[in-house]
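Here you go, one structure.
Labels for the chains are A, B, C, D and E, by order of writing; each one numbers its residues from 1.
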């Protein structure tokens, strides 16, 4: 049967339904387990093999040796495509994906992340101003 | 006899190719290298005589001294015949196949733009895929081409920058 | 003097219309969103849009006819506001009235459409011009049915004055039931007048960007938008006055409530219409209007002619 | 009567990838169309020659975000064929599941876009709302909503757990119900049918001649589907129907796509039931031996083609990509002829150029075209066309034939 | 006239109309922008409308690396927009060129052509990330810090945002006693 207003019932039902909208940003949205967000660098585990640098499709990681068995990682968040290939490539699990996706910045230079080698604690993450 | 072997046999018998020229890579994949003089004849036979009615695409390759063109023809049963032919890089002249496949025009334009092939008989039309104003004689897919060759040549006049 | 100035500017004049128009735009958008199962804009959204646009830079394209370009939004706004004064709202009395004001109102309501056309035409951008021609084409299609549909009740009432019409229907409320076809026709025509789906052909952004208003920005765009909002209110009020003349004799307070309910109902119906339908092509729209809507309106006219002969010898 | 030209693009609501069409109009009727492609040309093929296979894989995935899995799988199939890798069956199944999920997401997306192009935003809202279910599933399986990054040379990067499979079945039930509803809407809503049927007509012969692929071709009765004709991944093991249609117009393309959606659900159910246990990767060498391979893949939009030539290093010698839209774009000009301006967006969108979802049209031409004809003329013309068609004379065909003859 | 200025700023924040421009993206970012408009994310909550013409728009949302061919157009569209205007770069490509950096026909990020007000990395940027970026841009326009949470009627435990130690973005425009329900659902 061809008729106008076929969707009438559907729209009226949804009027009385709860909207399908999520309340982000008022309510945080949880990412799935496998989500690939910002990459975290665990400086204590890195051995400096630079396999991650070799495989990164955008060359946005720079691992530099800053001392004896101490390495510093620099990420260009504005260039990373969050593919987590570096995580797969790293033989020592010194890199991991986090669920952090709220990365927007108003200045581009704030998108450079430097994970310092020192002091040793794992989340020595601090964006430079 | 499998399909691929049938294709191989037919081509061998009809055109007297040597067995090295034809390679059955796997199920449904046949590669054939044809000298340029013979190409049109083989191509026409493949299309009209062997029912390869669909042109998947044309790949252009830069092999150093020659440019190679691979015409990928497909048949409804899934078999794909890749016909390769070579022309010297110095005078890369091809004859169009757009009379057989009007849809192939766009692939030929691509060859002309990216590899600098001269396709004879190709109807006038917009270039593809390079932008208007792209400098003549620059063909990105040639191995000796470097992106630096564009510097200062294209784009010609920069719009005033805000950044 | 001071009173009528108050009437003109504040209530039920311009300011009231402004607020009411914005409120109805909100109702429309919110309803549209909710029918699509999403949250939709907050209540102040139309107002924020208006203020923002008003405070924005307005660019007049070089090729455009700058006088016409500036004048048209004001024209559109003025005509719809004027039309409003002739419509009886919550009593049988409108602000101004004379015998024949029905015709004037209908004409006044045509002016905004014409200004859209002129605005589009004088922007001299390709898309605005296509939008403008489509506006005009469409106008011819829905205007005649609208005329007929609205004249039919007048015929039955035997007067060309809106106020007298409402008086008539107030006395014989049952007669309003005869006008049901006219009500449907005029709802459809109003949807066309407001250029909304399925008749948003002149503004179809997937085809011709912003249509008539492609080149407009800032203040002038704000003015057009508010004019359209007010046009919706005025159109709804007209339909309410002509086809739903109920509750007018109950005094100002109740009358006002009834009036709000009626206008809301019309706006809600229009919102529903645009939710469930796809945009027509211009020629489909014209065919639809001439093949179905116009005959229906004509039919209504005939019925009322016969009825007025039978009922009011 | 003056014809006038209207520029569409490079940014246009019906285009996602920037391309520019110039349409010559007579009144509202399209006389001719001229295409200018390549705004989106980024030079990916060249860049593939300069990057290692693993890097190129991510690059190829980003040829197109909507059919990202198609491109990356197609590329990887070719690479794996050259390297002679035997991919574990479980990995093949996982790739197939993702491929079909991608088709679902893409077709639902298309349905919404088609709705939007004809001013039916409610359809856009509903189908995209339901599409979010697929996106959630994809995100749960692969870690990202788009550009899944599930492939790696030699298999897949992430395994699918039992819970995931159970969830998949549930998702399929939800989606199947919704799709049935959309089929109902598509076959019953009058404004929709009016806007879709008879629009963008292209004959069977033209379709074959111009080399159209995918749903565009299948809606003109071309029974061609790589999944069946040239099976890859796990398509050999499962049963499905190739949906064809003979409407030859936009309506037919809609029916083919919704029909394919229903097939996808049954395919995923079969895949979930049959998925074998085992590893999901084999070790792949970094350097791929010299050789060449030609790989075909039925992307949501049709046949996707990759040709890879390896030279024994860790970088490819040549990567050739032929996206389905390129094959289809050439039939667009034919579809346009004698349709109306109002139909341009839906015709372009109907080949699903994967650039159809977003809204951006920018005025780029300032020259004004004056037109004089009036409504009566327009109505008359439409009317006469209709009348002649009823009498058995189809101007659509006639004009096309005339033009062809003139060209010849 | 300070209140007028305040009103205008308020209106600007509450009514950012966007225009979307693809400068050579892979479409993924584009479909995520559209997804942000559809029921699941519904950015009309923030007053965002998608417009077809630059004349009507306040925010230019760009996705994709700037190809050599599209650069002029981008600049032209930017110039067609009336002041005040903002540019948001959506996706890694738009921020820096991303995975296409180094391709011969790619000039780099959006800021290679026009100034950018906010960068949203991600490949593609999720709809949530896009909302987050837009919200960050809009809050920055207020100049001052977001309104103190003290005048919110909620108590610690009830406020979904404050409970996590972040500032309340107060985009719903409601003051006092707001709740997730009130923030949009009612």
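We adopt the following convention: contacts are C-beta pairs under 8 Å (C-beta built on N, C-alpha and C of every residue); 3 or more make two chains touch, one makes a residue touch a chain.
What you are looking at is a predicted structure, and each value in this text was computed from that prediction instead of being measured.
Student: Using direct touches as single steps, what is the fewest number of steps from subunit A over to subunit D?
Tutor: 1
Student: When you check each chain against subunit A and subunit C, which touch both of them?
Tutor: Both subunit A and subunit C are touched by D, E, going by the contact rule given at the top.
Student: Compared with subunit A, which chain's mean CA position is the farthest off?
Tutor: In terms of C-alpha centroids, the chain at the greatest distance from subunit A is C.
Student: Most remote chain relative to subunit E, going by C-alpha centroids?
Tutor: B
Student: Looking only at C-beta pairs in contact, point me to the busier pair out of B-E and C-E.
Tutor: If we tally the contacting C-beta pairs, C-E comes out ahead.
Student: Could you give the separation in Å between the centres of subunit C and subunit D, each centre being the mean of its C-alpha atoms?
Tutor: About 42 Å separates the centre of subunit C from that of subunit D.
Student: Quick one: subunit D and subunit E, Cα centre-to-centre, how many Å?
Tutor: Chain centroid spacing, subunit D to subunit E, equals 29 Å.
Student: Hey, how far is the Cα centre of subunit A from the one of subunit E, in Å?
Tutor: 19
Student: Cα centroid separation between subunit B and subunit C, in whole Å?
Tutor: 61
Student: Check each residue of subunit A and list the ones that touch at least two other chains.
Tutor: 4-7, 11, 19-21, 57, 81-83 - these are the residues of subunit A that touch more than one other chain.
Student: Scan subunit C for residues touching two or more other chains and write them down.
Tutor: Residues 33, 35-40, 205-206, 209, 214, 275-277.
Student: Which residues of subunit B are in contact with two or more other chains?
Tutor: Residues 130-132, 140 of subunit B each touch two or more of the other chains.
Student: Looking at the whole structure, which two-chain pairs count as touching?
Tutor: Pairs flagged as touching, ordered by label: A-C, A-D, A-E, B-D, B-E, C-D, C-E, D-E.
Student: Looking at the complex, which residues from subunit A come into contact with subunit E?
Tutor: 18-29, 57-58, 76-83, 101-108, 111
Student: Please give the residue numbers of subunit D that touch subunit A in the complex, ascending.
Tutor: The touching residues are 51-52, 54-55, 57-59, 62, 122-123, 126, 129, 132, 136, 139-144, 147, 149, 152, 157-158, 181, 184-185, 187-193.
Student: For subunit E, which residues are in contact with subunit B within the complex?
Tutor: Of all residues in subunit E, those touching subunit B are 68-69, 71-72, 75-76, 78, 104-105, 111-115.
Student: Spell out the part of subunit D that touches subunit B in their complex, as residue ranges.
Tutor: Within the complex, subunit D contacts subunit B at residues 34-39, 41, 43, 45-46, 81, 208-212, 223-224, 226, 229-231, 292-294, 296, 303, 305, 307, 309, 317-318, 320, 322, 326-327, 329-331.
Student: Give every residue of subunit D touching subunit E within the complex, in rising order.
Tutor: Those residues of subunit D that touch subunit E are 10-11, 13, 16-18, 38-44, 46-47, 50, 58-59, 62-66, 68, 109, 112, 124-126, 128-129, 131-132, 135, 145-147, 354-355, 357-364.
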